[in-house]
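Consider the two complexes below, in which subunit A is the common component and subunit B and subunit C are the respective partners.
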Partner chain A sequence: MKRILVACGNGIATSTVVATKIREAASERNLPVTVNQCKLMEVESMASDYDLVVTSGQFGGTVTVPVVTAISLLTGIGEDETIEEIMNFVKQ
Partner chain B sequence: MFIFDFFIKAGPIVMIPVIITIIGLVFRLPLTKAFKSGLIIGIGFAGINLVIGLLTSNLGPAAKAMVKNFGIKLDVLDVGWGSIAAVTWSSPIIPILIGTIFVANIILLILKATNTLDVDIWNYHHMAIVGVMTYFVTENILVSILAAASMAIITFKLSDWSQPLVSKYFGIPGVSLPTVSAMSSLIIAVPLNWLIDKIPGVNKINLDMKNAKKYLGFFGEPMIMGLLLGCAIGALAKYDLTRIFQVGVNMAAVMVLIPKMVALFMEGLMPISEAAKKLTSKKFKGRKFFIGLDAAVVVGNPEVITTALILIPLTILLAIVLPGNRLLPFADLAVIPFRVALVVALTNGNLFKNIIIGLGTMSAILLAGTATSPVLTALAKTVGINVAGGGLISSFASTSLTASFLVFKVFTSNLWITLPVFIVIFAVVWIYMDVIRPKKTHQSGDEVSL
Partner chain C sequence: MRKGMIISKQCVFKGVDCKDKSEALSFLADKLYVEGFVNEKYKEAILTREQNYPTGLPGSEWNIAIPHADFHLVNRTTIAAAILKQPVLFHSMDNIKKDIPVQIILMLAIKEPHGQIQMLQNVIQFIRNHELLKKIVDEYTEQQIVAVLQMQLNQKMGA
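What follows is the complex of A and B.
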């Protein structure tokens, strides 16, 4: 099972939106995932426990796992493409 | 009338699920989904109330002892923006105010007076609280609706005007940030920035503190901040060692638990936000606009984090030395990045200016937070918030924010004087920003910046 860490500015608002959409997309496709949320400031110390980091906005840090920027899940523009990108990763 | 009395008596814990269900139905959610949203938000309210109880019963007496021992008069507790958002969402008039803000946005879009489409319903609470507090003071629903509408118009216009900053500095095109907690700082930051640029010598100063994150990052984590502040205040209260650590760990708990409770609010409101997005994007199909997002999308910027980490300890010092301030910074130290995000974009990441301007905007927040804490505390008590020991509460949100404070003052003072003044000033700024400035920048060929 793939573990995904979703991060945003305060670990509350936009990360909840992104995390919920990832969970919904995964359950529609019958793919098992674990999705947790955190603050952007905590990403560097937490990322090593996850397979993928998804951020709702700009992320300036460096981590060893792949990072997907998912601002499209908030604006709705290019939303499907980003979801596909994340789901393709989960399928691997 | 009987039903109305029933809900007033039952309090927010019963009222919130009902109110949110109604808002959900207005945005055409299915009944079960709308009700579930309401119940989740009700649960969030119950959780926040527990944590505020923990916060005020620990920090309140310690802060009072600190005042007595050392004369550091910081007896207004910062319970955090999330607690204030809970108060806002549990007001009986919240459906009217949310509707007002939503309709104000639609009308301005139709009139082409704004380009910001703001369906980030979650952050409506920053605008709505001004209406809620105005209603609490004036008991006039019309004035309160006008106050909320004014907040909305100011927020959408500031979002339009600062959109080039967001696009250029943070590299996010097509997006504006109608989040009052971030936007409000510009009211002080823009003139201050202009002033600093005019002072010879000073306008050349820049600082480089790339290592700030390495050294201060640890202290910037909310749980560490809570522990250290709790222990420090316990020590200033002259508690014995065991009690100092008890206060410290309890405060670390508060810092971690408040956001978890607030996340329930977000979870409950998300289906409504999504429904509103679908509804409006259908209406304005083909029209080009900026999508209004939570400022959370830009606070991950490294310069914003560096500025915030430096400003957190400075804000605590500022609170002690600033004449007239009684607000004890605590829960909202964690959201200082939001208060400085647009300042950083405005100065193009000049750290020296960020710190000076940041201190300016934080001073305004502390003083407005102190000034409006009696009203806020009284309001919080009416919705059943558990403020232990009869102290005062405030935050770095609601009417502590410069824009919100000004609008609140306009609508709770003598309207015949304040309202015309407000309208004239806002109209002048609007004409300058939308008519005069575009011409000027066009002629000189300058890049557009605030």
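What follows is the complex of A and C.
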């Protein structure tokens, strides 16, 4: 099962929306996934336990796993493409 | 049953004249403090956070900022709103170097440590509703905006 870490500024507000959308999209496709949330400043120390990092804000750090920026899941602009990108990763 | 969040008419403003985002953020944070929704540290946290983790969301028609701060600075969950007289520049959430003009500010005061999924999803639905945003900017009075926010942000998804 793929593990996804979703991060935003304080790990509460926008990451909650993004995490919920990822869980819903995975559930619709019957794809098992674990989604957890954290603050952007915690990403570097936590990322090694995950397969993918998704952030709503700008992430300037370095991690060894892929990072997807998902502001589209908030604004709606390019949302489907971002969901597909994440779901393609989950399917792998 | 969770009761709906209260949108205070003391925290919703139209035609606010601000020269920059700091003035706009301070204005709304002060109102939330005066009304008892947040504690005295909330404003400073909002201003600092906006520098480090900007909250401007670029829309196709309307850019919106959704400033917020840590839950432990919040006494009661609510949302304050300002429709500015003219837009001020915010940094975009996904690119701290990108400035976007913002006329609509929704300041989130969230008390729950794990967020409040329903309300946050309603906020996201709301900021994508360009027709409604246009009415809010062009037509609605403050009183109407309070009513719209109260309805839109408390609704159940899929209802």
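We adopt the following convention: the second predicted complex is superposed on the first by the 92 of 92 C-alpha atoms of A that agree within 3 Å, B and C clash if a C-alpha of one lies under 4 Å from a C-alpha of the other, contacts with A are read in each partner's own complex, and residues count from 1 in each chain.
What we mean here is this: a contact is a pair of C-beta atoms (placed from the backbone, for glycine too) under 8 Å apart; a residue touches a chain by one contact, two chains touch by 3 or more.
Since the structure is predicted, the reported quantities are computational estimates derived from the model, not experimental observations.
> Would you sort A:L40 into first (subunit B), second (subunit C), both or neither based on which partner it touches?
It touches subunit B and subunit C both.
> Under the stated touch criterion, which partner chain does A:N10 make contact with: subunit B (first), subunit C (second), both, or neither?
Both: A:N10 reaches subunit B and subunit C.
> In the overlay, answer first, second, both or neither for which of subunit B and subunit C A:L74 touches.
It touches subunit B and subunit C both.
> For A:T20, is the partner it touches subunit B (first), subunit C (second), both, or none of the two (neither)?
both
> Of the two partners subunit B and subunit C, which one touches more residues belonging to subunit A?
When the residues of subunit A touched by each partner are counted, B comes out ahead.
> According to the stated criteria, A:T82 is in contact with first (subunit B), second (subunit C), both, or neither; which is it?
Neither subunit B nor subunit C is touched by A:T82.
> Once the structures are superposed on A, label A:G57 by its partner contacts, choosing first (subunit B), second (subunit C), both or neither.
Both: A:G57 reaches subunit B and subunit C.
> Which residues would you name on subunit A as touching subunit B in one complex and subunit C in the other?
8-10, 12-17, 20, 40, 56-58, 71, 74-77.
> Touching subunit B in the complex: which residues of subunit A?
7-17, 20, 37, 39-42, 55-61, 71, 74-77
> How about subunit C: which of its residues touch subunit A in the complex?
For this pair, the touching residues of subunit C are 49, 52-55, 57-60, 66, 68-71, 92-96, 108, 110, 112-117, 120-121, 123-124, 127-128.
> Can you check the complex and tell me which residues of subunit B touch subunit A?
Those in contact with subunit A are residues 82, 122-123, 170-172, 174-175, 217, 220-222, 259, 262-263, 266-267, 270, 273, 277, 281, 291, 293-302, 305, 334-335, 337-338.
> Going by the contact rule at the top, pick out the subunit A residues touching subunit C in the complex.
8-10, 12-17, 20, 40, 56-58, 69, 71, 74-77
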